[in-house]
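The block underneath contains the structure these notes are about, expressed in C-alpha cells.
Each chain gets a letter, A, B, C and D, in the order it is written, and its residues are counted from 1.
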Amino acid sequence: MSMNSFGHLFRVTTWGESHGPALGATVDGCPPGVEVDAASIQHWLDRRKPGQNKYTTQRREADEVEILSGVYDGRSTGTPIQLMIRNTDQRSKDYGDIAEKFRPGHADITYWQKYGIRDPRGGGRSSARETAARVAAAGVARLALGALAPQVKISGYMVQMGPHGIDRNRFDLAQIEENPFWVPDAQAASDWADYLDGLRKSGDSVGAVIEVRASGLPAGLGAPIYGKLDTDLAAAMMSINAVKGVEIGDGMAAAALTGSANADEIFMGADGPEYSSNHAGGILGGISTGQDVIVRFAVKPTSSILTPRATITKAGTPAEIITKGRHDPCVGIRAVPVGEAMMACVLLDHILLQRGQIGGTVGETRGKIG
Amino acid sequence: MSMNSFGHLFRVTTWGESHGPALGATVDGCPPGVEVDAASIQHWLDRRKPGQNKYTTQRREADEVEILSGVYDGRSTGTPIQLMIRNTDQRSKDYGDIAEKFRPGHADITYWQKYGIRDPRGGGRSSARETAARVAAAGVARLALGALAPQVKISGYMVQMGPHGIDRNRFDLAQIEENPFWVPDAQAASDWADYLDGLRKSGDSVGAVIEVRASGLPAGLGAPIYGKLDTDLAAAMMSINAVKGVEIGDGMAAAALTGSANADEIFMGADGPEYSSNHAGGILGGISTGQDVIVRFAVKPTSSILTPRATITKAGTPAEIITKGRHDPCVGIRAVPVGEAMMACVLLDHILLQRGQIGGTVGETRGKIG
Amino acid sequence: MSMNSFGHLFRVTTWGESHGPALGATVDGCPPGVEVDAASIQHWLDRRKPGQNKYTTQRREADEVEILSGVYDGRSTGTPIQLMIRNTDQRSKDYGDIAEKFRPGHADITYWQKYGIRDPRGGGRSSARETAARVAAAGVARLALGALAPQVKISGYMVQMGPHGIDRNRFDLAQIEENPFWVPDAQAASDWADYLDGLRKSGDSVGAVIEVRASGLPAGLGAPIYGKLDTDLAAAMMSINAVKGVEIGDGMAAAALTGSANADEIFMGADGPEYSSNHAGGILGGISTGQDVIVRFAVKPTSSILTPRATITKAGTPAEIITKGRHDPCVGIRAVPVGEAMMACVLLDHILLQRGQIGGTVGETRGKIG
Amino acid sequence: MSMNSFGHLFRVTTWGESHGPALGATVDGCPPGVEVDAASIQHWLDRRKPGQNKYTTQRREADEVEILSGVYDGRSTGTPIQLMIRNTDQRSKDYGDIAEKFRPGHADITYWQKYGIRDPRGGGRSSARETAARVAAAGVARLALGALAPQVKISGYMVQMGPHGIDRNRFDLAQIEENPFWVPDAQAASDWADYLDGLRKSGDSVGAVIEVRASGLPAGLGAPIYGKLDTDLAAAMMSINAVKGVEIGDGMAAAALTGSANADEIFMGADGPEYSSNHAGGILGGISTGQDVIVRFAVKPTSSILTPRATITKAGTPAEIITKGRHDPCVGIRAVPVGEAMMACVLLDHILLQRGQIGGTVGETRGKIG
C-alpha cells in the first residue's frame, strides 16, 4: 500500500523532493522486450522542463534521465526500471523567506501539520517538480504502448487560461506545437500571451484547464466497479499538483442535459459500433467504448505570488507573505505534459489488466457485435 | 487487487447484481469495539431506497440489511463485517426489450464488449442498485466515525438539477430533510418539483450536481502523493454510476481565478489556524486543512428513457430503442446518499491511515502551530 | 489492503466466524464465461466437511454453499462471485468453559490481546471453520483452471501423522481416496488408524504433514521478486490454521545437500526441457519450471484437548483447562483439502498474472528453447 | 500490485540487477521524524558485503549506500526514502560461459522462459545481489524500530551448515560476532570452517539453515487471516534467493508432537502472561504473543559450482556446464543478514498496522489480562 505509487499491473512509484539530490520513478510491470532508451524518455522530459520560455519558472534544470535498471541490451527485461533525475539547480536561498511562514493556498501548512517536518527548499515533496518523475515513467509507458497498441495517440493541450477559453470552432491540434501554451487555437495563443505577460508583470498568477485526449483505443478497457477507466483517470489527474476538478466527456456540463440530448446514438460502422456524438468521453460504465477518451482538469493558480497575503508563522504569529523566487505565472502550462503522462500510464495499465482478466491480444473483446 | 474494492485500511468490497439473489458489501478494517447494529445501517439504506416518492424509480425493494459476520454482542470484532441485502422485487420481464439492443449512453454495450456476457435483467452489475451496498458499508463507517471522531458531520445535497442551480444566498442545510431532492434551498425545491414533473411526463430524464460537505475534520488527513485525500475522493465519487465530473472546493472554476483571489488567507484562531475563505475545499497538497472538505460531482441523465433513440442490436442491426420500466427521471436524487456514503468511507479510511503512519489519536498532528 | 484477502488478479476475501449466522468468500477476478455451478463447488466442500468419520470433529454442518452473485445463466460474468455457507450447528454451550480461560497453544489469548473482544463460541474468526470459505472459493478456481488449463491436476495427501511418516516406496496416489487420511500408502493408512484411535481415546491430539502436488503446469508462472510462486505458496499455506512450517521441493532437507547433489540436471525432451530430478519442487527463482510443483506443510496438534493444562483467566488468575467439545484428534486430516484449495487459487492467480504481464495464452512462454 | 514490493504500511520496493549501473530500494512508509543517516545503514550493508572472508564470493563491491530522498536535516520526512547502491565490480567477462547454457538448479532457465530475455551478467535480477537492497531498506526499518520500539532486538545466525547442525546446549548468542558463519556455537564454527574449506576446494557448495529471533516484541502484532505475522514472515523469508523452507517455532517438527506436548502453558507474570515453553515461536493465530518470535529457513546450495553437470543450451542442445567465477561455497552465510533484514521490515510494518487498525502506542493492547 505504497502511498507514492499508482497503477495496478503497470505500477509507478515516484520519489524525491524539489531540492534533494535527485528524484525519480520506480517503474514496475513494463512488459519484457520493449525497446527502451533514455533518449526517448528524455524527449518527453524536455517538453515538461522549466525555463524554456518566459511563461514558465526560470529555474534551470537539465532534467537528464538516467536508466539505472530493468533494461538490458536496449530492451526491457520485465524487472523494475529505475529512472533517476539529478537535481542540479538547487538555489535554496531563494526560499529563505518561507521557512517560517505558510503560503496561503500552498501545501506548506498541511505538510507541516501532518509530518511535523518543514523542508523550506521549494516545497519539498509537494513541489510540482515531482511530476518530472511521472513524465519519465510515462516515457516507458509510451514505449510499451507503441509496441502493444501503436494506433493509440495521446494529445494534451490547454483549453482555458484564467477566464479565457478557446474557441472550439478554431480547434486545430496542429497548433499545439506552435505556441508556448500547447493551445489548439492560434488566436487564443496570441491573446493569452498578452494576458499572461500582464499577469506576470503584476506578480500574480492564474489557473487553467487542460484537456487530454486519447484516440485509437480498443473497446473494453476498464475494470468495474472500483478500477473503472474513468475512476482511475480521475484519481490520476486529481493527484497532479494544484488540480481541483476532473471531467470526463461533457463533465460537469452533463448535469444540465436531458437524457435524450446526452444519448450518444449508436450505428454500425465497418469496424464495429460508431457513435453520433461523444458526450460520454469514450467511457460507459467505466469501460472504454472505442471512441476518443476525453479528460479535462482544472489547475488552480500558483500560490507563490508577489502579491502580499495575510498568513501566520509556525509560531502562530500573524504575518504577511510575498513569495519571491522563480515561479510559473500559469503552472497549468507545464501540467499539459503531466496530464498526457498520466493518461499514458493509466491506458497501458488497463491494457495489461484487460489481458490478464479477459485474455487475448489488445483490442480483442469477449463480446462481438455484428 | 480486487477491482470491486476500495479503501486502504478501511476496505470495502461490494458484490451483487441488480437482479441476482442478493447484493452486499464485505467491510474489512472496521476497528474492534465499535457498536454496530443493523438498525443504524438500515437508517441510511432507507434514505437511498427507491420508490419513496414519485421522482424515483417505482421499483419496490425492502432493502433490508442482514449482518452475517464481524459483529458479536453488538460490537465489531475487528474481523470482516458481511452485509447482505436480498433482492426481492425482480420483475425482470420489464427488461425484455433490451436483451438484444444496447441503450445509448448505457454500459450495456461496453459490458458486452468486455465480458461477452449479457445480463439483461436491469443492468446486472452496472446497475445503480450496486450503490445500496456502498450505503450499507458506509453505515459501518459512520458508526466507527461516531466512535473515533464524533465531531465529524457529513451532509450531501443537490445544488443543481438540469440547468437549474440553487441560489447560494438562500442556502439552508435545514431544508435538506424537508424536500424530496435534499436541496438546501426551499424555493429551488418547489421549482424543481414542477420542472421534474414535466420531464417525467415527457419520458425524458435530466442530470444533476451533488455537493457533499464534511465538517469537524482534523487537519493532517491524506497520504501524498497518490493517496491524497482529494485523489481518493475523486476516485470515490467518479466510481458512482453516471458521474462525469468531480470538483474539490472551487473545482473547475479555480481555473478562472488569479493567485491573489484564490489564496485562502490564514489567521490564528483560538484552536489553531483559521482561513478567510475556502477556495481549496479544505484540502491543500492532498492533506486536510481542518476546514470543511467540499466535493461536488455531476451525474449525467439516466439513459433509460421513453424518447426513441437510434441504436444497434448484438447482431449489429440498426434499431430504435425505448426503455420502458421503472426508471428515475433524475437519478442524481438517489446519488445524494451515495455521495455521503463514499465521503464517510474515505474519511474513516484516512483517519485510520493517519493513525498508522503518524501515530497518535484522531486530530493529533505532528507539527504544532502556535 | 484487506487483511482478509489473498491473491493478486484472482482475489479471495473470506469472512465469517465459527458460530455466526454464516461464513463465505467474495471471489473477485474469476474470468468471465467459466461454467460455475453450486454442485461442483459443493463437491469440494463435502470433502472438507467435518463429521464424516470418527477421526474428525463430530460437529454436524451441512456446509451448503449458496451462490449469491457473479454467475448468470450458469456462467461467471466477470463480476464478484459471492459464496455463502450458513452455519447450522451452533451448539455454543459446548464452549462455556473457555469463555474466561485461555487454551494454551490456541489463538484465544492473542485475539483477546489484539482485539479486546472475546467470542468464546468456537474460536470465532480463528476457527478452522474459516477454511470452508477457502475451499468454496477454490471450487471456483478449479472450474476456471479446468477451462483455462485443463491439464493441471492438484493432489493433496498426508505424508506424516505425528511421528509416523509414509514409506515413499509404497507411494500410490490411487490410495488417497481409499482411506480417511488421504494417505497415498495403504499400510500407513492402516497403522495410522490404530494410532489415532489410541490418541483420541486418551483425549490427546497430534500434528501432521500434508503434501500438495500440482502437475501439468506450464513453465513461466511466478512474479519475481516478491510475488514468486513459492513465496505466494508459502504465504498461502502458512495462513492455514495451525501451520508451522512450509517446504518447497526438498524443503528444509535442501540445507543438507551439496550443490552437485541438488542440481536437477536438464535434458531436452520432445516437448521442451526435462529434468533428471525435482529437488527444486518445480520452482526456480520463484518461477515454475514445468515440473510438478510440490509443497509440504506441517500442522501442529489441536490445542483443544482433554489433557489438563495450566493456564490463566482473563483476570490473570491461574487455572487449569480441559477443552471438552467436538474436536479433531488430528486436525491435519481436514487440512488436506484446504492445502489443495490454496494451491488451486495461487495457480489460477499466477496464470492470470502471467497473461497480463507477458501476454499470450496459458503455457506460451516468451523465451523458447530449442 | 508491484511485484517488486513487499509490506503493507512500511513498503519496500527493490530494483536493480547484478551487473547494471546500480541497485537499490524505494522505502515508502517510514514514519516522519526518525533519525536516518547513511552511516547507520552502511553498517548493516557492510555485514552482508561479499568478499570479507574466504567463505564468501571474492567479488569486491564497495556497496556504498547513497540516500537520494526522504531525509531532510537528518530526519525522515514521511516521504519515500530512495537508497541507491552503485555496482562497481562488474567483471561480466566471468560469466561468458553461461550466456548460452542454463545452470541446473538456477533461475537462468525460468527467467528465460518467462521473460525471453537473457542477461548473462551474473544472474541479472535473480542474483543474490538484490538482497543488498533489502538490507539497506531494513537499515531504515531498524532506525524506525529503534525510535518506536527500542526494546526489540533481532538476531540472525546459522544453525546448520550442510548436514552439520549446532549443539543447542552450547548455544551462545555472544559467539555470533566471533566467527565468519554467525553461528552461536564456538565448536561448530571451528568444525564448519574445516568442512567448508574442503568443499570450496572441491568446487562444490552446500546448503544451510538460518534462524532469526526477535525479542522484546509486544503482544498483538499480526493481521488475521491473510496478513498474519507468520504468513508475512513466511513470504518474506521464502522470497530470499535459494530458500526452500520456512519454519515458525517448532516448524516441521510440530507435526510429530501431541497436543499436550505442544501446549505452551500460560502463567501470570509481573508484566503479563508468561509461557512455560515456546513451541509456537511467539505466534498464535497469526498474532504475536509477546514471546520471542522465532523463524528458520533453509537455503539450498549454490547452483554455480565447478562440478560438471548435464544441461542444455538455449538452442536445446545437450551440454555440460561448469560455472567458473566468484561464487559462495555456502551462500547461506550471507543470507543471515538478509533474514534479519526481512524480520526488521516485517516487524515495523506490523507495528504500524497495529497502530492504524487498533490505535494506541506500540505495546498497548486492546484486551488487558489481569
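Basically, contacts are C-beta pairs under 8 Å (C-beta built on N, C-alpha and C of every residue); 3 or more make two chains touch, one makes a residue touch a chain.
From a predicted model like this one, the values you see are computed outputs, not experimental measurements.
S.K.: Going by the touch criterion at the top, tell me which pair is linked by more C-beta contacts: B-D or A-D.
M.R.: A-D
S.K.: Based on CA centres, what chain would you say lies at the far end from chain B?
M.R.: D
S.K.: Roughly how far is chain A from chain B, going centre to centre by Cα mean, in whole Å?
M.R.: Using C-alpha averages as centres, the distance is 26 Å.
S.K.: What whole-Å value do you get for the distance between chain B and chain D if each is reduced to the mean of its CA atoms?
M.R.: Distance between chain centres, rounded to whole Å: 45 Å.
S.K.: From the mean C-alpha coordinate of chain A to that of chain D, what's the distance rounded to whole Å?
M.R.: Computed from C-alpha means, the inter-chain centre distance equals 38 Å.
S.K.: Show the residues in chain B shared as contacts by 2 or more other chains, in ascending order.
M.R.: Correct list: 1-5, 8-9, 14, 29, 32-33, 78-79, 114-117, 125, 224, 357-358, 366.
S.K.: In their shared complex, at which residues does chain B touch chain A?
M.R.: 1-6, 8, 14, 102-107, 109-118, 125-126, 130, 160-163, 199, 204-209, 219-220, 222-228, 230-235, 237-239, 241, 244-268, 273, 275-276, 279-281, 283-290, 296, 298-305, 307, 309-312, 314-318, 332, 354, 357-358, 365-370
S.K.: Which residues of chain C touch chain B once you look at their complex with the stated criterion?
M.R.: Those residues of chain C that touch chain B are 1-5, 8-9, 11, 13-17, 20-24, 26, 28-29, 32-33, 66-70, 72-73, 75, 77-82, 84, 114-117, 119, 124-125.
S.K.: Would you tell me which residues of chain A are touching chain C in their complex?
M.R.: 1, 9, 29, 31-33, 78-79, 224, 352-353, 355-359, 361, 366
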